[in-house]
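Before I ask anything, here is the structure I am working with.
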Amino acid sequence: MTAVAVTPASPARSRPIRSFLKRDAALTLTLSLLAALILLTLIGPFLWRVAPDDINLSAVLQPPSVAHPMGTDDTGRDVLARFLAGGRTSMLAGLGIALIGAVVGCVTALLAGSMRGWVDTVFTWLTNSILCFPAILLAMAIAMALQPGVTAAVIGLSLHSFPWYMRTLRGEVMRLYGQDFIRSTTALGAHPGRVLFRHVFPHLVPIMILQMAAVFGAAVLSLAALGFLGLGAQPPTAEWGEMITEGQQFFLTGQWWIAGFPGLGLLVAVTLTTLIADRAREVLDPRGEFTQAK
Amino acid sequence: MRSARIRRTLLKTTTALLASVGLLALSGCGSPSTAGGSATRDFTVNWATSLTNIDPAFVCAGNENSFASNFYARLVKLGADTQADGTAVANTDPARVQGDLATSWKVSPDGKDYTFSLHPGAKFANGDPLDAEAVRYSIMRNLTIGGCGSLGLQIGLTDPALIKNVVVVDPSTVRLELSRAYPAILVTLAQSRGSIYDPMVIKQHGEDKKGVPNQWLASHTASSSGPYVLDEYVANNYAVLKRNPNYYGTPALEPVVRVNFITSIPTLMLQARRGEADVTLGLPPYVVHELSSDACCRVTATPAFAPVTVSMDNSKGVTSNVQIRQALSYAVPYQQIQKSVAYGYADGYYGPFVPGTPGFDPQLSAPRATDLDKARQLVSQSGVADPQIDLMINPSAPGVSTLATILKSSWEEIGVKVNIDSQTPTAFATKFNTGSYQSALLFESAGPVAAYELRKKMTCGSSFNNQHICIPGTPELMKDLNNAPDLQTQQPFINALVKDWTDNAPTIPLYRAQFTAVLGHTVKHFDYAPSTTFYNWGR
Amino acid sequence: MSHASLPLLSPRPASPDEAPVLAVRGLRTDFEARTGTVHAVRDVTFDVRKGQRLAIVGESGSGKSALAMSLVGLVPPPGRVVGGSISLNGKELVGLDDNGMSQVRGRDIGLVFQDPMAALDPLRTIGSQFVETIRVHQDVSVRTARKMACELLAEVGVNDPARRIADYPHQYSGGMRQRVLIAMAIANDPAVVIADEPTTALDVTTQAQVLDLLAKICDERGNALIMITHNLGIVEELCDSVNVMYAGRFVESTSARSLFETPAHPYSQALLDCVIDPATTRRGAMPAIPGSPPDLSVDEPGCPFAPRCPIGRNEPRCATERPEPRTLSTGAVVRCHFASDITGGEA
Amino acid sequence: MSTAHEPLLKVEKLNKSYGRGMSTKNRVQILHDVSFELRRGQTLGLVGESGSGKSTTASCVMGLTGADSGLIEFDGVDLTKLKKAEMRRMRRRIQMVFQDPNGSLDPRFTVADLVEEPLIIHGASDSAERSRRVEEVLDRVGITVKQAQRYPFAFSGGQRQRIAIARALVLKPDLVVLDEPVSALDVSIQAQVLNLLSDLQDELGLTYLFIVHDLAVARLMSHDIAVMNGGRIVEAGTSTEVFENTSHPYTRALLDAVPGARRRAKALAAAGDGPSQEGL
Amino acid sequence: MLSTILKKLGVSVATIFGASLFAFILLRKVPGDPARAIAGDTATPETIAALRKSMGLDENILVQYGKYMESIFRGDFGFSYSTGTPVGTLLSQRLPATLELGLLSVIIAIGAAVLTAGMAVYSRRRWPDKALRISSSLAMGSPPFWIALLALMVLSIQFGIFPGPEGRLSPGVIKPPAVTGLFTIDSLLAGQWATFGNALWHLVLPAAVVALGPFAFLSRLYRNQLRGTLRETFVTVARSHGLRRFPVFNRHVAPHGLLSLLPAASLLFADLLAGSLLVEKVFGWPGVGSMTADAIIQKDFAVVQAVLLLAAILYVVVTLLADVLMAAADPRTRVGAR
């Protein structure tokens, strides 16, 4: 059929990402916006040199102004400074969760997918058992068992994110082992280790990146949710979810900026991530095989 | 023909959805009229609290005692004064205690035996006789259960136990035998600790196992001897109180009281504004402040036994250094805290117990002035290099994180590094009660008896002395205090102890919080006591 | 050239005086791809008469499927018909809106697809799909439609149709499914049946049965058949006239007999050479067409087959000048500058 | 070809079944006592429809699938008894070309890397020597050095299959298993690849196990033919024997089913004369 | 098919076992002594020791686990010390509220997703698809608790369209007689139209907020499925038979999308506990979610354990059910090939 000539006959995901960036203005835009946001939260504290913990009891609950572009909270702390610091907490923790999950998930997936047998059974049982808890509930229970804080939240959310990687990647490993190019390499007499690392692993990378984008977005949201419930970052550590909780009661009395800006930050960060992941999925995974929940 | 079929399918698939959407819209439009309508509504108390247990013999927290007090009669009740805005405020003077279930009482000449004559023919809500046996059972249960009730009832005098025995003289007469004369016993008998419950009901529900309080009682009442019956109780959600038809005393003002336990401050605020609650309790000062200028409601504030303090471990670490403790106490911006955290619903003082407690001397316990220079000087005198303290907080209570933030920043100004250690309520309580903390920000509910507070907090080596305070010379003073029967004779020892306390700064009282309630305009009757009850409230 | 083929069963000859059922003139279909426009169908012209069996032969990527879809207005996006005319019994189809096209599809033109395994909705019974197909064009009750379906199924060789009509597609074998699809394609008695590689996905032994069935059905009902295939064996067996398609164009249009006896275009010739007969072939080298088919997104000025052509490779004319269709003495219409040189005769 | 040649590959009573559990009820027998011999330098065409078990046989010979029972003797060594590492070494001498050239080449490797990989696996340490051999074999299949720096997707199907052939041949194996190497290709391209395979066999003295469903291609390429149906070999013999004196009805049915063949056969019978390929 | 279900059942049981063991061990590691927390700040060491013994805290953890599982089978989920109520009672009080919220939000999420994604794919214009993509991305990126606050602020406080965060009914509205525990259904059964309206009016906003994330997820999934199905041959075949776009979409494309939506929707249903956890608190909804949030803060491990177990069982049961439903709905698995 002629339509075949239109769609690339080769697996599209092997195309270099660079060429897509050049052509895809929307992706470039969203990527650079997210990069800007991350950069802002990372280097923001050097630009906006107000300490996020500095209280000023003579300037409490001030609306946004030139001196305080995002206003001040009930102890006179600068909301912008806390917004930047909170963003950094969120972003770093989100990245950490995405990375830890990816590493653990990838290793277990490779083990389970290549060794099969009881290794696979045990890992599958383990991940199934973890996945039947909602992420936030599990993270809450972990926070309860450990000291509530960012560390506990990262541990809890990573614990819930790695099975997602594991599940998807394991499926992909299994699929790859059924593929002719893997069989052909085995047929050449390649050592299983070589097959695993030179041929199977590189194919997992794009899926892992996709998954990381999804996990990052979900992790940032869950972290904020934990903060909102008082189980994430603990005061006075600035974190967007925790800031929303602190600003919650002021929402009704008109001081919207305390909880408003961090919520907006979350919305923008996660939406951008979702858009990027979406677009990347179309580029890297045109068949949509790895559409992942959450 | 074909297009008709297509239209039909289209219709079929969309009708269902449209119908449901329409239904939602309809109900949305129709409903607001059903809201409001305060005339027919039950008297509603919105309370920013969550109760863990409503067994008055066992629980410690003030809110729980308050709630439970509605269902149980006590032998006596406190006298009351009426403050300017019409709110009746209980008076904790033992001399002004009045009869309640006991119509009268006689004190033996040595002051050790109290013989109470009970209301004749009094009954529990379920019809069981409310007699001397019930009184004996209830007081003995409080004493032996091992919870907060025992210590509170005996005003901290456990060695030897203050209450020796309770004797049933006849069904309408009961005698309390003390190990020594102690008039303040009447004040504690008027608190929830002195509640009378139906022994039969407790026995029906499994009695108390050895040292383990009855679980059923944690969410039920052992019948009711008080003005209200607990009609419905959904923990952490709501309770419905109905008038006790068998109550011996003056019936409760409102026939039905609905108590909503709501921890969401915005909800409380909104409902107060909309007039959906008659009384709102437990709002953070900021919200009370906001509502005080709102046309919706009236705010009443009364002095309460609610100190806000920074407790410190006096036995270990930097906080065992008296100069450091003093330095910390001088570095706190008391005025600003009272203004920006308590929004004025606070009183300053500096002492082991709060103003309003009988025996409080405003001279001795005058508020401490913030003096940063003095504080810095004290730090350098202390000889501690790079002092650093952990401040344990329970951020789930409103205002705590704000307070902690202020403390951290003001103490860091005098060179003391502060590490804020957030804990969940349970962990906080466990750590505090086992004394494994360095300093902790505490919202306390104190007893209304000065000697009790001193005993609890200043007895060396006592298991309730969570600050591990042991000031040289106090054991002797304490002994003298314990031997003094009444406030008059106690006063010199109290004063000496207070002076020792303030010199050593074992704890930093930040302020005494006022009890605040936001009242709807229809509320005409309102009162306050250390164990707040609802039966004198009404429209 | 020795593909001696003496047809035992002579297909019905197309009578030229009869007005064509389907007349296609200068049809062009493009696909807008990111990498550029793919001209899949380029200036295709042909007629189909009643009862005719027309073959369109080409390799993958030659544009033959795009042509089939263009005829029924179902070119998948981003493709679309950009020019030319399709006239069905005098009614112009190009430019017709979807509703208009819907009335043509199934009723005037029936389609049989390549992959019978994917061509039926797996969630619905054969019966419900069949009834649906009938009721789109005929105002009959469900009961009647069901009866009609059973009759048609029996006609295409489904045993016990009354029972099997309630089955789901997966309960049918590939060959049976293709029979069902043929039955559905002719259910509304279309004037033209287009079969797009109807047997490629089937096993060898089933292929023959399905082809026989198609031939039989069209014979009995008098539908014109457009057979789209890459298999010259099928053409030889089934069709009376042939259009050889290369790079979106018909390079040779002629009768089947003439193609097999005197292929005029070098490409037709090369294709015929590639056909090997298991009964007669021997181990050894076989003739091959060098190179690979051209990229359809570029439209070179010359003959697209030139780089692979034994003649055109060395002729500068073939690289620069596009050959226009010429009619040869055999009646064949050929797009080749040198067609006469091969067959030795020009009309 | 002479029958005096030693059999390079001998398969005897090969059995294979799939399915879970021990019970025979759930197991599907794929191969029933499959036996054949393949002589050095010759081609055995394994013919059958889809599901006949021919690909499973190839898989067993390659050691990609373990057989339940039976003997696979390659150059006197029983492959089923080899340890994993020994089998890996043995693979140097047995290579395979897969059906779908799109799937059998790792899309993340350049063509040069793909063809070089077998040399690396089997320990050719000298990189200059490796490059030389890669260049040589790529040149033989018609891919230039410059093209070889590109990724597989940049090539057409026919070119990709040639790359796959180069990858299989760079180790100079004795036996090459060809699993439907042309069925995914267009008619005009098939011939190129088939011719290449024949030429390479003649040049390098290769032995082919040729899995194919197209009878014409089988006859064109094979010295011997084995027809498989339902996991059994139903007919075997030299190419001429099988095609001209077909004994098994299944083979007959296969032959008859080829489009055009029926009419042609009847025509031939009528004309009494066979066309000859030599005319081309 | 039966053997497949039995096998899945086995996997489910193993999964629940793993999950419960995991939850149990995790929660026993919670620092802070529950006995002390119950006894309060002036409890004597003897009281605490007696409490520990009565709570079984002094035993081996595996013995404790065994006893716990045994008690679960008796229907006893332990005692919540932070509320003074048996956990079973708490759950029975609060589950209906969460269920009602969850059901409506599932209906909203699926309804909205099917409608919007269906329209976006069906439309031949590009903007509906773009609009769907952007709105679903926004919905996916929005923190539910923050949206809940915003919604309250704007729709409830500013414009008064919806009630405040006051729970399931307006103050003063009498609860309908308990049959199912779902106020909307109960009030309908009792014919109390005003109560029904009031209950629904209270439900809509929280349910919409809970539905936001699931809607985003389902709408993109459904969109992708629809687009995938549109490319299937049988769709072209149906069109070639003369069916117009809408009937083909309605009868052939949509059912496939819906079928594939089933497992995802079931997962979302199982995830509702998590969704309600965040939203219930803001709306003062007296459900399991707000209870859990409180219990975790209070370290009331009996409640948390029961909720964890409940979530795990819900997840496993719902996925199992979805598998069975999938199998039942798909003729390929329901009816064997001939």
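Letters A, B, C, D and E name the chains as they come in the text, with residue numbers starting at 1 for each one.
Here, a contact is a pair of C-beta atoms (placed from the backbone, for glycine too) under 8 Å apart; a residue touches a chain by one contact, two chains touch by 3 or more.
Protein names from UniProt, one per chain: A, E = ABC transporter permease; B = ABC transporter substrate-binding protein; C = ABC transporter ATP-binding protein; D = ATP-binding cassette domain-containing protein.
The model shown is predicted, which means the values in this text are computed figures rather than measured ones.
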Contact-graph separation of chain D and chain E, given in steps at minimum: 2
Taking each chain's C-alpha mean as its centre, the one farthest from chain C: B
Which of C-D and A-B has more C-beta contact pairs: C-D
For chain B paired with chain E, centre-to-centre distance based on mean C-alpha positions, whole Å: 37
Between chain C and chain A, distance of the C-alpha-averaged centres to the nearest whole Å: 52
Separation of mean Cα positions, chain E and chain A [Å, integer]: 23
Centroid spacing, where centroids are CA-atom means, of chain A and chain D in whole angstrom: 48
Residues of chain A engaged with two or more neighbouring chains: 144, 147, 230, 248, 251-252
Touching two or more other chains - residue numbers and ranges from chain B: 2, 266, 270, 396, 424
Interfacial residue positions of chain B with respect to chain A in the complex: 265-266, 269-270, 284, 286-287, 290, 333, 336, 339-340, 393, 395-396, 398, 401-402, 404-406, 408-409, 420, 422-424
Chain D partner contacts - residues on chain A that touch it in the complex: 8-11, 14-15, 179-191, 194, 199, 202-203
Chain B partner contacts - residues on chain E that touch it in the complex: 31-34, 36-47, 49-51, 54, 79-86, 89-90, 93-94, 107, 111, 115, 149, 152, 156-157, 160-166, 170-173, 194, 196-198, 200-201, 204, 244, 246-247, 250-251, 281-282, 284, 286, 290-291, 294, 296-300
Sites on chain D touched by chain C in the complex: 49-50, 156, 158-159, 186-192, 194-195, 198-199, 213, 215-223, 239, 243, 253-268, 270-271, 273-277, 279-280
Chain E-touching residues of chain B, taken from the complex the two chains share: 2, 5-6, 9-10, 13, 17, 20, 23-24, 26-28, 30-32, 34-38, 40-42, 44, 50-55, 58-61, 145-148, 150-152, 209-212, 215, 218-219, 234-238, 258, 262-264, 266-267, 270-271, 274, 276-277, 396, 424-427, 429-434, 463-464, 466
